[in-house]
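Residue numbering begins at 1 within each chain, and the chains themselves are lettered A, B, C, D, E, F and G in the order written.
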C-alpha cells in the first residue's frame, strides 16, 4: 500500500509544481495547495501506517491495549493543515485583489516591479 | 601622540557646532591646528636622531591584535613634517583663496580630517590601523575632490578617485591579512624580526603584489594614474595638499616603509623599477603635452611619483637616499608650483600656459616663488632639487648592467620635467603681459607668502644641505634602508659623470624650453592615442562590466515567476538527484510494505485520476471540484489509517477552501490557456523529475528503521499525566501546545490580513510618501 | 394547548427522573411514557384530547413516509437497470394549501425524499411550489395524489 | 523564564488587537511595548551571558518529548537585535505610517512578527521552528500587502508564492527528518541523525533545508522574490524585512548546518559557490538600479552572500565573521531603509535620478545618514569593516582564494554603489522633484512626528558606531557564539541534560 | 442472528446505493440525476448506518446513527433543491423528453424572484438531446 | 462466511462499484451541477463505506467522522449553488 | 440565496450545528474532535446561515463582530499557557481540577486552551469568509 501512497505523493508534488509553473495565478494557487497536500501526506506516511487503530484509548483504559497509530505525525499534519489553511486563504484572497486592481490573471503581466529601472 | 593624531578628527566633528557660534573665525582657528602639530612633531627631531624611533601604544581591539600603536621614526617624521607643515601653509592659503565660500567651514572640516588620517597612516605601527587611516584618507579626499558637489564633473572624478583607491585599498587589505597570517602579527616593529621568514614563504609573491596594487593605486602609478589628473577638479589647495605633497605619497611611504621588511628581492625591485620607470617617462611626456597649468603639474607629479617608485625599486642605499631627499624636495617645489598656479588662476581666471605671460610685473613675490620652485624642480645647483638629482644619478649609474638604460630613462625624464617645471613656474611670469590680464594684481600675502616660503626653503636646504643632512635625512635614510650607514649631503661632488649628466640635463632642458612652445594643437594631435590609454581601457572595461551586470541581472531577475520557480526547483532537483545517486544506497524491504485492499485501490485511483483531472482541465470550477475530490480522498486515507482527527479537520478545511475559491471565482475573469505546448512539455518533465525524486526519497526514508521512542512516551503518559484519551488532541493542547498556540496566531494574522486586503485600498491616490 | 400538554408531560418526565434519581435516557423515556399515560387518563376536554391522538398519528405518518421512500427506492432500483423505461419527466406547478414556512418546508422535504419528485422552488408569494416529477402520467392526478398522501396529514399534524 | 520575550510580544499583539482602529492609542502602546520588549531582550541577554545556555521545557515535559526552548548566546543575541530594530521600526512607523494602514492592524501584526522572529530564535524544536517561520511569513505577507497598492500586490504575488514554496519544502524536509529519527527536538536530532547509517539521506535532507532556507534568506539562485517585492511596501516595513526576515533564514541555516548537519563537506562547498554567486548577483543588480529601495534590496542579497560565505567555509573563524557581519547587517540594513524612508518623506520620491540636494538642504541629517551608508560600505573602522577581516582570514585558511576575490569584489561594488547614491542623492543639485504626492511631506509634519522619524535613525546609527569603534566587545561576543555553534555539545547537554559526545 | 440481520440490511443498502449510482450515470439530464440521487441514497445510507447501529448495539452509537440519518435526509433534499434551482438559473439544458415545464420563464432574470402567475423572462433552459 | 468477510467481499465491492460509476459521472459532467451532485453522491457513499469500515474495525469513533462528513458536505453543496447563482447574476 | 425552504431549514440547522460543534469541542480530549474541528463546525454553521439569510442577518445573530472573538480566544489560550507561572511551573504545564466534572469530564488548563483555540478558529474563519462574502 505504501508504494501506492508514495506514488500519489510523487504525483501530488509533480502536479503541484506543474501548476506552479503555469502562467495563471489561479493555477499557481492550486499548485501550492497540491504541494501542501503532498507534504502532509508525506509526513503522515513517514509516521508509518497503522490500519484501523486510532490513537484513542477506550474508556477505562489507562494505556493502550494493543498497537495504535503514531499520534505525533497526525498532530504535526493537523497543525500543518490548519496553518496551510491560513496561508492559502490569504493567497486566494490576494489573487482576487490582484485581479481587482490589475484586472488580470496572467502572471506575465505582473513583472513591473522586477524591471531594473 | 594619540591626541595629536585624532585631534584632526575631533576638529572635523566640531565643525557643525563651531559653525553655529563663530563662523567667521573658523579659518584662523583651524589653521592653528596644523601649525601646533608641526611644532609638536618638531620637538621629536632630536629624539629620533638619537634613538632611531619611538613607539606609542594604546589598546583598541586586543582580541585580534589590532591596537593604536604609533611608530615615530625618520620616515614617519619626514612625512609628519610635510603633512603638518605644508598643511599649515595650505590652511592659511585657503583662508583667502576660498574667502567667503558658503561651505568654507566644511572645507576645513574635511581638510583637518584628511590631515589626521594622513598622520595616522604615516605614524601607525600596526598595519591594520594604518590601513584604517589609509581608507580614511581615500574617503576624505573623496569629499575634498567632490567639494564643488553640484558640478557633475567633480562628482565624477571624486567617484573615480574613490573607486580606484578604494579597490586598491581592499586588495591591500587582503595583502595585509595575508602578511599577518604569515608573519603572525600586525605590528610592523614585530614583523621586522620575521622579515626573512616572510620573504622565504610561498605567500611572499602574493603579499607583495597585493600590497603593490594598494600602493600603485594610491600613488597614481601607471596604469592606475589617471584618477589624479581628474582629481584636479578639486580646489587648488586640495590639489596642493593631497595630490602633490601628501596623499599621493602615501603609496610611496608604504613602499619605503616595507623596503626593510619585504624589499631587496628580485620581484620587489624588478616590479618597482619597471612600473616606476614606465610611469615616470609616460607621465613626463604627457606633462609637456598639456597646456593647462594644473594638468601639467598633475602629470609631472605622477612622473615624480614614478621616479620615487623607481628609486625605491633600485633599492640601493644611494637610491633610497635619493628617494628620501626627493620626497622632501618634490614636496617643497611641487606644492609651491601648485599654490602659484592657484594664485594665477585666482587672479587672472586662466590656467592656459599658452596665454599666460609677463605676470612678474604685477605679482613679483609670486614670480620669485615660481622661479625658485621651477629651478628646484629643474635641479639647478643651490636648490634642494639639485642634490636629489645628483644622488639619483649616482644611484642609477651604480645599477650594474642596467645602469645605462636606467640612467638614460632618468635623464630624459628629468629633462622633460625641467621643461614642465619651467612652463609652470617661469613661463607665466616672463615675456610681456597680455592686455586681458592687465587688471590682475598682487593678492593678499595670505596667498603669496606660503609659496614664497616653500621656495625659500628649497633654496635654503639646497644651499646648506647640512641643515637637514644629519637631523632629518639621516634618520629617514636609516629607517628606509634599515642600516645605519652615515650619509652626508654636499653640493660639490667634484667633476664626474654625474656632474656631466646634470649639466647635460640642464642644457638640453633649457634648450628644449627655449624652442618648444606649449601648444594646444600638439595636445590635440596626441588625443588619438588616448584610445589606448589605460584610462580608456579601464573605463571601457568598466562599461563592459556594467553591461555584463545588466545582462546577468536581466537574465535572472526577468520578472517571470515561473522562471524563478524553475530555477529554484531545477537547482533543488539537481542537488537531490546528485546526492541520491552518488551517496544513498537504495533498497526496498518488501516486508515493511503493507498489503493493499480493494477499496484502497479505488480510492487511490480516484485520487490519481482527479489529480490529473485537476491539472489538465482548463475550467477553474472543474479544477476546484477536482481539488475537492482530492481532499476527500485524502481524508479517506487518513480515516483508513486511523487518523479520525485529521480526516475531520482536513475535510472541513477543504470544504472551506472550496467555498472560498467559489466566492473568489465569481469575480475572476474567464480562464485562458497561456503557455505553449513546448513549455508545457518542459514543465511537465521537470515536475515529473521532481515528483519522482521526492517519491524515491520518501521510499528510501520509509525503509529506514524507525524509532518510536517519542510517540511511545506520548501514548503511555497521555492519560496518566495529561488526562486525555485522544492522544492527538493531547499532543495538540499539551505536549506540543506551543505549536497550537502559535498556529492560532497564524490564523489570526491571516484573518486580519484578509480583512485589510479586502477593505483597505490605497490605490486611487496618485502617489504616496 | 397541545404545547402546554406536551410541556407538562415533559416536566412530569423530568420529575420522574429526579424521583428515581437515575439519569439515563431509558429512564427518561420511561418516565415520559408513564406521564403521558397519566395525562391521557386525567384529561377529558374534547379539544385537549387531540394531543393524545396526535402522537400515534405522528408515528403513523412517519412510518407511512418511510414506506413510501422504500417503495420509491425499489422503484428506482428497478429503473436504474433499464434507464429510460417510460421516463416522463415534467416540472409541475403545485398549488399549496400549506401556509406557514414551517409547513411548506416540511412538505417540500417530504416530497423531495419520496417517489421520483424533487422540489425545484417555492414561488415568492408562497402560493405554489414547482415540483420536478420523474414519471408524470397526468398532472391533476399527481397533484391530487400528493395532496392526499402528504399535504393533508401533514397539515393535520401541524395545526 | 526564557519564553518571556515571546509571551510578551504575544500579549502585546493581542492587546493591540483589542484597540482595533484606534491608531493613536496603538502608536503609544506599540512604542511602550517595544521598549519593554527591548528591556526584556537585554535582561535575557545578560542572564545568558552570565549563566551560559538556558533551557525551558514547555509543558514541563522533559526533552525530547515536549517543546524545548533554548537560549544560547546566539539565540539571545538575535532576540536582542530583533528587539532593537523592532523598537526603531515601531517608533519610525508611529511617525511615518499612514493612518489607514495603522487602522488596519499594522501594529498588532508587527508585534506578532517580532514574536515569530524571537520564537524562531529561541526554539529548540525543528517543527516548532517551522511554525514560527509560518507566523513570520504570514505576518510579512500582511505587512507587505497592507494598503493593497498596485506595486505592493505585484511584488506580493512573487513573495507569497515563493515563500509558500519554501515553507512546503521546509515541511517536507521535516517529514524526512522525522521519518529518519522519529524525533523533532533539535538537540536530540543532533545525536540521532549522527546514528543514521544511510548518510546520503541526511545529506539530501540537508539539501532540501538549504533550499528552503535559501529561498527565505535570498541566496543565489533563489533570491528573485526579494528585488521584486522589498521596495514596494512602506519603508518602515521594508526596514524590518531587510533587517530581520532574510536574517531569519540565515539564522536557521547557521542553526541547522551547525547543530544538525555539522560539517557536511559537500554542502559546505555548495554554499561557498552559492555565496560567491550571491555576492556577484547582488552587487551587479545594485549597480543598475535607480530606485533607492531596489538598490538597497540588491545590496541585501550581496551581503547575504558574505554571511553564507562564512557558513560555507565552516571554520570557527569563518562562522565568527558571519556572526559579526550578521550583527552589523541587521542594525545597518534596518537603518538604511529607515533612511530611504526619511528621504522619501522629504522629497516624495526614491528615484535617485530625481533626488538631490539633500546635503545642501539638510547638512546635519545628511551626515547622520552618512553613518549607515558608510558603515554598510565598511569604511574602516565602521561596523561593516571588521567582519571582512575574519572572512578573508578564514578564506586564507581554507584556501578559498576565489571566494576572497568575490568578497573583495562585493565590497568594492558596495562602495561604488553607495558612493553613487551619495553623489546623486546628497551632492547633486536638487532639481525637478516630483511635487504633490499625497500624504504629508516631512516639512509639513508635526515636530513630534519629525522626531519620531529621526530618532530611530540616530539610535541605530549610534549602535552601528558602537559596533565599529567598540569592535572588541562585539568580537568577543561573536567568538563566544561561534565557538558555541561549532561545538554543540554544550547545547545538547543543556537541552537533554546529559553528557554527550560531539555530534 | 445479529450478523445475518446486518448482512441483509447492508446488502439492501448497498444495492440501493448502487442503483442510484447507476441512475446518476444513466439519467439524461441534471434534474433527473439530482432527483434520483436524492431518492435511493437516502434509504441506502439509512440501512447501512442502521446495520452499524445494530452491530455496536450501544445507545450513544444508535443516537448518533439516527442523527446522521435525519441529517442526511434533510441535507439531501435541501441540497438537491438548491442545486436543481441553481441549475435552472444557469439554464442547464433540460431533457427533450420533458413533458411540461411550468417553471419556464417564471423566474425574474435580475431579482430571481419566482412568480406563481404567468410571467415572461428569458430563464428557460432549452431542451437537449440526452446528454449522458 | 463471517460478517467481516461478507462485508469485505460483498458490500464493499458493491459500494466501490458505485463509487466508480459516480466518479465517471463526475468526470463526464457536463455541467457543474452534474459534477457537484456527483461529488455529493461520492460523499454519501463514503459515509456508507465509513460505516462498514467502522463495523470491520469495530471503531465507532469513525461514525463521528461520517457525521461530520454529512454536515460539511451540505455546506459545499450550498456553496456551489451559491456560486452558480451569483455567477448568473453577473 | 432566497430560497424559502433553505431559509427555514437553516434557521433550525444553526442551533443544531452549534450544539454539535460544542459537543465536538468538549469531547476533544477523549475522542476525535477538539478546538479546531469544533471551531470549524461552528463557523460552517454560521456560513450556512449566512448563505440562506445573507450576511447582515447572520452578523446580527452573532451580535459582536466575529473579529473580536480572535483576541478573546488568544487571551484564553495564553492565559491557560501562562497560568503555570503563578504556581511557578514552566509554561503550558497542565493544571487540573481534582476529579471529573459531570458531562464535561476533567477540567483543566488544557480545556481552556482548547476553548481559546475554538474561539480563535471561529473568529478567524468568519472574518475571512465574511470579508469576502460581502463583496460578492
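Operating definition for what follows: a residue touches a chain if its C-beta (ideal position, glycine included) is under 8 Å from a C-beta of that chain, and two chains touch if they have at least 3 such contacts.
As the structure is a prediction and not an experimental result, all values here were calculated from the model.
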Contacts common to chain A and chain D (chain labels): B, G
Innermost chain, taking as reference the mean of every protein Cα atom displayed: D
Between C-G and F-G, the pair with more C-beta contacts: F-G
Distance between the centres, which are taken as Cα means, of chain F and chain E, whole angstrom: 13
Mean-CA-position distance for chain D and chain C (Å): 67
Whole-Å separation of chain centres (CA-atom averages), chain B against chain G: 62
Averaged-CA centre spacing for the pair chain E and chain B, given as whole angstrom: 79
Chain D: positions in contact with at least two other chains: 10, 13, 17, 58-59, 66, 127, 131, 134, 138, 141-142, 145, 148, 150, 157-158, 161, 165, 172, 176, 179, 184, 224, 227-228, 285, 288
Two or more partner chains touched - positions in chain E: 15, 20, 22, 34, 44, 74, 76, 78, 80-82, 84-85, 112-113
Residues of chain B whose C-beta touches two or more other chains: 550, 553, 557, 559, 561, 565, 597, 640, 642, 644-645, 648-649, 652-653, 655-656, 659-660, 663-664, 666-667, 694, 698, 701-702, 706, 708, 710-711, 714, 725-726, 728, 730, 732, 734-741, 743, 745-755, 757-759, 761, 763
Interchain contacts, given as pairs of chains that touch: A-B, A-D, A-F, A-G, B-D, B-F, B-G, C-E, C-G, D-G, E-F, E-G, F-G
Interface residues, chain A side, partner chain D - complex: 20, 25, 28, 32, 35-36, 38-40, 42-43, 46-47, 72-73, 76, 79-80, 83, 86-87, 90-91, 94-95, 97-98, 101-102, 107, 110-114, 116-117
Contact footprint of chain E on chain F as seen in their complex: 2-3, 6-7, 10-11, 14-15, 17-19, 21-22, 24-25, 28, 30-34, 36-38, 40-41, 44-45, 47-48, 51-52, 54-55, 58, 60, 63-64, 66-67, 70-71, 73-74, 77-78, 80-82, 84-85, 87-89
Chain D to chain B touching residues, read off their complex: 10, 13, 17, 58-59, 61, 64-67, 96, 98, 100-101, 103-105, 108-109, 112, 115-116, 119, 127-128, 131-132, 134-135, 138-139, 141-142, 145-150, 157-158, 161-162, 165, 169, 172, 176, 179-184, 192, 196, 198-201, 203-204, 207-208, 210-211, 215, 221-222, 224-225, 227-228, 234, 266, 270, 280-281, 283-285, 287-288, 344-345, 348, 359-360, 363-364, 367, 374, 379-381, 385-386, 388-389, 392-393, 396-397, 404, 408, 411-412, 415-416, 419-420, 423, 426-429, 434, 436-441, 471-472, 475-476, 479
Chain G contact footprint on chain D (complex, rising order): 1, 3, 7, 10-11, 13-15, 17-18, 20, 56-60, 66
Chain G - residues contacting chain C, complex: 2-5, 7-9
